[in-house]
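Working notes for the structure below.
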Amino acid sequence: MHIEIDEIAKEFGATTALRPVSLAIPSGALVALLGPSGSGKTTLLRILGGLEFPSSGRVLFDGQDATGMTVQERRAGFVFQSYALFKHMTVFENIAYGLRARPRASRPPAAEIQRRVSKLLDLIQLPQIARRFPSQLSGGQRQRVALARALAIEPRMLLLDEPFGALDARVRKELRQGLREIHDTTGLTTVFVTHDQDEAMELADLVVVMSMGRIEQIGRPQDIRARPATPFVREFIAA
Amino acid sequence: MSDTQAPARWRAVTEESRPARIALIAVALAGLGVLVLAPLAVVFAEALAKGAGAAIASLGNRDAQSAIRLTLLVAAIAVPLNAVFGIAAAWTITKFDFRGKAFLITLIDLPFSVSPVVAGLALVLLFGTNSLIGGWLVAQGFPIIFALPGIVLASVFVTFPFVARELIPVMIEQGRAEEEAALTLGASGWRVFRTVTLPNIKWALLYGVLLCNARAMGEFGAVAVVSGKIRGVTATMPITIEMMYNEYLSVAAFSLAAVLAALGLLTLALKTVLEWRHADQLAATRRY
Amino acid sequence: MQALRIQKSPMPGFALGMGITLTMLSLIVILPVGALLAQGASYGAEGIWQTVNTPRVWAALYLSFRLAFFAALFNLVFGTLLAWVLARYEFPGRRLVDAMVDLPFALPTAVAGIALTALYAPNGVFGSLAKALGVKIAYTQWGILIALIFVGLPFVTRTVQPVIAEIEREVEEASATLGASRLYTLYRVILPMLMPAALTGFALSLARAVGEYGSVIFIAGNLPLKTEIAPLLIVIKLEEFDYNGAAAIGIAMLLISFTMLLAINLIQIWSRRRIGHV
C-alpha cells in the first residue's frame, strides 16, 4: 500500500511534536524513521497507525484520505516497543486475538484460525510455543510473537516502534534479518522507528532522518551516507 | 491527549466514548450517594431532628457522658498498646531473618478474618468466670470480662493488624542500610531506632494509629460480647447508642452517633491529607 | 528465642521485639482463639454437629453466608466500576469522591446500623419510596444485604485501583490496532488483568460481611429462621450461658470462612500463575 503524509503537524498542548512534515512511502518499501528521542518519529508512526490524530494535515492510503479513520478500520499491524503482549493469554491466543475480535460475520471459523496461527508460528520459526505464556518466553521470542500477532490480521501495512530496542546485541542482529525476510515474503509496506543508525542503514530501503519534529533528509542509505543534507544529519550518522 | 477541536471519533483509543464515560461516572456517583453518603447524612439529620439544642442536651445526659469517658479511656489504652506492638512486630519482621516469619505474619493478620463476635466469644471463653484463668482472676478481685480490661482486650484484638500492616511494607521498602550505617558510626540500638528508623516511618505510623483509633472507638460486636453492657460502667459509646436506640431515644442515640461519625470524618480527612502529602512514605497497597 | 534466628545480625533489638510481639500475640490472639478451639474440642465433634444441625442454626449460617456472598458479588462489580472511574476519568470533585469511598471504614458499625435502619425503615427516606413500590427493605433480608454491601464496599475498589493505574496503555492500544472494539478490549484484555486483585477484594469483602454484626442487627429484624444472622445467634447463646453452643457456632463459622477463603486463594494462585506474576 502506498502511504502519503501530507503536511502533518501535531501539538500536545503547548509542545510541538511535529512541525508540518510531508513524506511519500512507496508501496512495498521498508522505511526507517531515524532520529534521537524527541524527534517526533514515534508520534509520526502512531499517527500512521491511528493511535494519535494530527492537529492538521492529511494521511492518504493508496490515494484515499485516511486521516479520520479509526485505529480499528486502518488494519495496520503495529508492533510496540514493549511488545504489549497480553500476559494472561497463551501465544496462540495472542496471535489469534485479532481474528477472534472480528464481528461474527467476518470472523474465520475456529479451524481456519488454528491453521493461520500455525502458519504464522512457522513463519517466525517458533512452531513449538503455541501453548506458552508470554512470561515463559525470551525477549527475542516475545518480539517475534508480537510480529506474528500483528501479521495475523492480514494488515495493510506493518508499523514497528523500536522493534529491537529491548534486546541484546546478538539477538538484535538475528532478528533484523528475520524482519527483512518477513518483509520480503509478505511484500507489506513497512515503517519502523529507530534511534540506531546502523540498524536503519542496514535494514531499510529508505531512511527518513528526523530531528525536533522536522524531517531533515529522506533518501537511500548510501545516499544519506554519501551526501548528508544538513549538519544535523552529518553529525548524527557520524556518531 | 484528546483534541477538543477534532471530531468526536478522534478520541484517544484508550478512552471510552464520552457518553459511556458520563454514564459510568453517573452510576458511580449515584451508587456512592445512595450507599454511602445518604447514611452519613441521615445520622446528622436525625440528631438535629428536634433542633441543635435537644441534640447537645442529650449529650449531657449521664449515660452519654460516662460512655464518652469510657470510650476515650479504652482508646487511650488500646491504641498505644497497639502502636508498641505494631512497631515491635514490624521491627522484628523486617530487620531480621528467622524461621516461621510467614506464619507469624499470618497470625498477625488473623483478626481481620475473624468475626468480632467470635473474637468476643473467644475472650469470654478464656477469661470468663467459668474458665480456669478467669475464675482465678475474679477470685483475686481482678475481673476481665464485663469490665474494662475485657473491653480493652477486645478493642486490641479487632485492631490488632492495623499498625503492623502499615509499617511492614514501608520498612521493607526502606531496607536495613540506614540502620546499619548508624550502627557502624557507633550509635546504640535505641538511638538508631529513635534517630534513623522513627523519622522514616513516622507518617506510616501516624496513619496506622489513626485507623486503629477510629476502629477502637467504634468497635461494637466484640465489645458487645465482653462488656456485659452495664449502663454507666461498661457501656462504650457504640453500646450506649444501641441502648438508647432500643429505648426509642432517637435524638440521643443519633446525637451520640453523630459524635462518632464526626470523629470518623475527621479521621478520614486526616488520613486523606496524609495520603496526598506523604504518599511516598506510606504503604502502597492498603488492607483493612 | 535466638534459636529461631537463621543468621546472626548486627541489628539490635531482636529479643525485645520478638518478646513484645509474641507476648501480645499470645495474649490477644493465640490464647483466646485457642480457648475457643479447646472449648470446641471438649464439646466434641458430635456435640458441635448436634448444635449446628438444628433448623435455626442452619438457617442463620445459610443466611449469613448467602447474603455475604451476594453483597461481596455486588461489591465486586460496583467496586471495580468505581475503581475504573476514579483511576481513569477526570471530573470535578474526583479526589473528594475518592476519599468518600473509605467512609464505610470510618463510620462505626453501630452508627451505620442505626443510620441504614432510619433510611430504609418504612417511614424513612428510601424506605417510604420502596413502600410505595410495595417493597419492604428494613427488617427483611434486603435490609441485611444493604448493610453488608455498605461495610464491604471499599475493599474491591481499594485493591483494584492501583492495578488499573499500572496497566500499560500500550496493551490497550495493541488490542485496538488488532481491530478490537473498546468493549471487546475491556472484556477480553482489561478485566482479566484486574481479576486477581478484584478477587482479593472480593475475599476481604466476603470475610468482613460474614462476620458483620453491628451494622446488621438494627436493620435485620432478627426473626429466627428468617432474618437472624449467625453472629447474633452466638450472642444469644452466650446470653443464655450456653458456652458450648456459642463455641460450636463460632467454630462452624470459622471452618466455613476458612474453606471459602482457601478456595478463593487457590483460584488466585492459579490465575496469578497464568499471568506470570509469581
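We just call them A, B and C in the order they show up, numbering each chain from 1.
Throughout what follows, a residue touches a chain if its C-beta (ideal position, glycine included) is under 8 Å from a C-beta of that chain, and two chains touch if they have at least 3 such contacts.
Because the structure is predicted, anything quoted here is derived from the model rather than measured.
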Given chain B and chain C, the chains that contact each of them: A
Comparison of A-B and A-C by number of C-beta pairs in contact, larger one: A-C
CA centroid of chain B to CA centroid of chain C, Å: 16
Averaged-CA centre spacing for the pair chain B and chain A, given as whole angstrom: 53
Cα-centroid distance, chain A relative to chain C, in whole angstrom: 47
Chain A residues counted as touching two or more neighbouring chains: 50-51, 71
Chain B: positions in contact with at least two other chains: 13
Contacts with 2+ other chains: residues of chain C: 173, 176
Residues of chain B touching chain A in the complex: 1, 3, 6-7, 9-10, 13
Residue ranges of chain B touching chain C (in the complex, touch as defined): 13-17, 20-21, 24-25, 27-29, 31-32, 34-40, 42-43, 46, 81, 84-85, 88-89, 91-92, 95-100, 104, 107-108, 110-119, 121-128, 130-131, 153, 156-157, 160, 176, 179-180, 183, 188-189, 192-193, 211, 214, 217-221, 224-225, 237-239, 241-242, 245, 253-254, 257, 260-261, 264-265, 267-269, 271-272, 276, 284-288
Complex contact set, residues of chain A against chain C: 49-51, 71-72, 74-78, 80-82, 84-88, 97-98, 101-102, 133-136, 149-150, 152-153
Contacting residues of chain C [partner chain A, same complex]: 168, 170-171, 173-181, 184, 188-189, 192-193, 271, 274-276
Chain B-facing residues of chain A, complex: 12, 50-53, 55, 68, 70-71
